[in-house]
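Multiple structures are listed underneath, in structure tokens.
Both of the next two complexes hold subunit A, though its partner changes from subunit B to subunit C.
Moving on, here comes the complex of A and B:
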């Protein structure tokens, strides 16, 4: 099945499912899945296609939630405008974080961006004076308002379709517009062989900054939606749990191939809800899953079909 | 001149290229061949000195700008875009190389010339060494360079492959009006291929002349070839 067909049938299936689900808890799980889809797709663009080891993706996510929330709470910006402005703010942040990364080699990019990730909670906790709400975070982020209608957290069906649309637009833009186009070619060239790409005329600084900015923009908007949906955001958004979950989505799903990370996001958001009762053990289980995923499916399930699958079948028969 | 701290990697090395010639560069390990190539390709900026291409200074430009000015290069360890097909590898050379739009289809011409016609749809990461070298060469030429630096293009090839590669370089020079600078350890092959040969040692040029003269030069024999000429 071609990628386009997969995409449209997936969107159609979820659109129909939205009419049938009927249960609030299931809607909630799928809304989170759509939001996480945007996050991992933005991450896939940077890590899977350009080969940049950015661990600042949850920084963009948190910054999006905070920027959107602070704009509406502190400055009374209407919700849709706050979401867009929040996204643009995070895109600029992405550009800013991308700049020093231009001078760094792979693993040092990972160290630098992860340092930003580790520094942000303290900044948010100390930032009460600029309106971050300190350790309690932002309470009562105004809900989304579309066409004069307010969509509260409990309005699951509108949120379902809103986040489905946002995820579908992001996925389409990344995998069917950016990746096959000139930008995507430059990204893959830089990933496969940076030196060779440069010698063939690819302006490495330009394309890496574009990648950082685009990835931050999507992830920031996902964060903004997350904040508006839940109405609350605290520094815990940068805690171990969400970080591990996102890592799992990437490692189980598989980078650099549609729909790898999206499958990962689906498995992990649903799996996480199933494990909800496990309480404290859930984090441990997530950690074990990361290790197992790296050992058993090093390239993610999306790459099983071509290599691992045949291998596994032979192993099974032997 | 290129200085790394106290180490003078290139010392007062200067030479002029003639249009459409093949200049061979040889020298012992550590002579500065790779440094020279990296300075000419834009990976390193010279500490002092100039690189002038058709009257314009190009030293200190970054690699992608060098490419857009018409300077191409290949790498000692053959580079390809492993996840792309062979055809795509060459197409992206034209896409980003900034060369003028051409009436003749340069990509098709290069794929045929480099013997890649049957492999156009194969994944570039899975081909043999010789094919990798051909892909790299074709991709560089697709950027429409005027001058191409080849870094040890013959390394790791067998006798027949060396012949094929050398014939190809001569043919492309004639058909595309290219100038080549070939850095190579295989001196016998290099002296057959080159119009002129330059030998460098400790970052200095010790000889630059036709291959026949160079291989008999007493200093060259002394520092590089040894008393018996044997590639």
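Moving on, here comes the complex of A and C:
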């Protein structure tokens, strides 16, 4: 139960901190951290627990932002309904990508999903006629509206608690409901020994599809929140920067163990805001960090406790 | 017949794709590593050639290649030693090697962007002008590319089947444990394979640079094409790559001729889907163990 305790005290600490922060820029950083937490937790479910080499995480994120934005701009759907419908749309998209993709093995899945990632920006730029807004993207996504009260981008405190709640629900659902439950047992078994799992009657395709769709759903909602919070979304959302950041969160944090990727998300969102002024060098630095992080702490900082820091220094002698 | 012209340009294109995709396939086949930085090495080759010739040093093609090829090979060997081998056989190593090569790809791209800037660079073709055969016009460059790509592919096939190192590479790709049991230095084979694959990527970059311009992110489109080719032929099978590169190259030429270049990828993916429906492992592939 120590994990539960860690989780609730973490949520409580952030809830209290929300009263004390007081500075808008700090709120902004933490709101981004909460949104990214959902994204990397969804990714961790696939990579760390089911062992699906998916690189389509930002596809779901972007699709969520676009679907939510397009629903409320083009079809005048109220913001909360747009968020939910957007998430469902992305879950369907995940199912659609997963149907052919998850029949493939290991590395093929990685290539397939990454191909989807690389193809999406040009589709979004070409899709002006269906309302994606071309290369300028969607402007003026209507802000969130709860109980008749509109929450604009500048209303940091409501956004802070809204995203905190969303992140807390996602983290709880994944690490304390799905993973220890029946689904999670099937997932981990597929990751550790696919043949053995199949021989015991685990339908690998079905469980992989479930995981893929669930991950798409939560990531899509994170994307929708991101779009509503910032009010703007452009095809740049699929650029190198966010992809590198998300990957760095996973590789620094460590896959398949709570709270690995969440620690990673915290370190990277805060670190990225500190480096905001470094310009083009920041992307290079992010790339260097990804390579170094994987080499020095291949399993993330979450696994350092058991292996010791000395292990990190011995990479060359492998 | 105009179709002959289209067919020949398709074969030339297919030959270059073959050189490029072969590197990706070799590394996957022997070392079981999916190298996401392959497209970036393509650009490294093109930038390297540009710096050595038109950009700064003004060397001619022969001298440029004798300098460039060993450098590319060395880059590959060093990178394999420094960032792939420490991860091999570790926990989740297939995942970590994929992520580290993806990180490397972004690192190289951004380094290129900072060093060379976002403007496209142009590498001059070796020969200008064109020749007329039976009423059809062919540029010398097309012939040169076709000739050198075919030469490289033939040399590669000879290398893989006739030399000690080539046999060792094929042995490792068939059965790693068995290869190491009969005294093959598996780590050395991994290093050389990686070096060879960087050379193939870089040389493909040099061959295509006069046609497509050189830009920091220009490697991703060829990488995607190489991916389709390799999956079509079967991951890890060099013979499969040989056939699929030419098939897809010719399909591409006809697609461009009939309906336009933007349709290349959709048609390729459709072809791929049809093939994968009947042979999920690709034309000649075996499932990865």
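Methods note: the second predicted complex is superposed on the first by the 306 of 318 C-alpha atoms of A that agree within 3 Å, B and C clash if a C-alpha of one lies under 4 Å from a C-alpha of the other, contacts with A are read in each partner's own complex, and residues count from 1 in each chain.
Convention: a residue touches a chain if its C-beta (ideal position, glycine included) is under 8 Å from a C-beta of that chain, and two chains touch if they have at least 3 such contacts.
Predicted, not measured: the structure shown is a model, and the values here were computed from it.
When the two structures are aligned on the shared chain, A:185 is found in touch with subunit B, with no touch to subunit C.
Comparing subunit B with subunit C, the partner in contact with more residues of subunit A is C. In the superposed pair of complexes, A:107 makes contact with subunit C only, with no contact to subunit B.
After overlaying the two complexes on the shared chain, residue contacts for A:193 are found with subunit B alone; subunit C is out of touch. Look at A:203: by the touch rule set out above, it reaches subunit B but stays clear of subunit C.
When the shared chain is aligned, no partner comes close enough to touch A:278: not subunit B, not subunit C. With both structures placed on the common chain, the touch criterion links A:298 to subunit C but leaves subunit B unconnected.
In the superposed pair of complexes, A:139 makes contact with neither subunit B nor subunit C.
On the side of subunit B, the complex with subunit A involves touching residues 41-43, 62-64, 66-68, 72-73, 75, 79-84, 88, 92-93, 95-98, 136, 139-140, 143. If you check the complex, the residues on subunit A that touch subunit C are 47, 53, 55, 100, 103-108, 110-111, 114-115, 118-119, 240, 243-244, 247, 250-251, 255, 280-281, 283-284, 286-288, 290-291, 294-295, 298-299, 315-316, 318.
The residues of subunit C lying in touch with subunit A in their complex are 28, 34, 36, 83, 85-88, 90-92, 94-96, 98-100, 102-104, 106-111, 113-114, 220, 224, 227, 231, 235, 265, 273, 276, 280, 287-288.
For subunit A in complex with subunit B, the residues that touch the partner chain are 182, 185-186, 188-189, 191-193, 195-204, 256.
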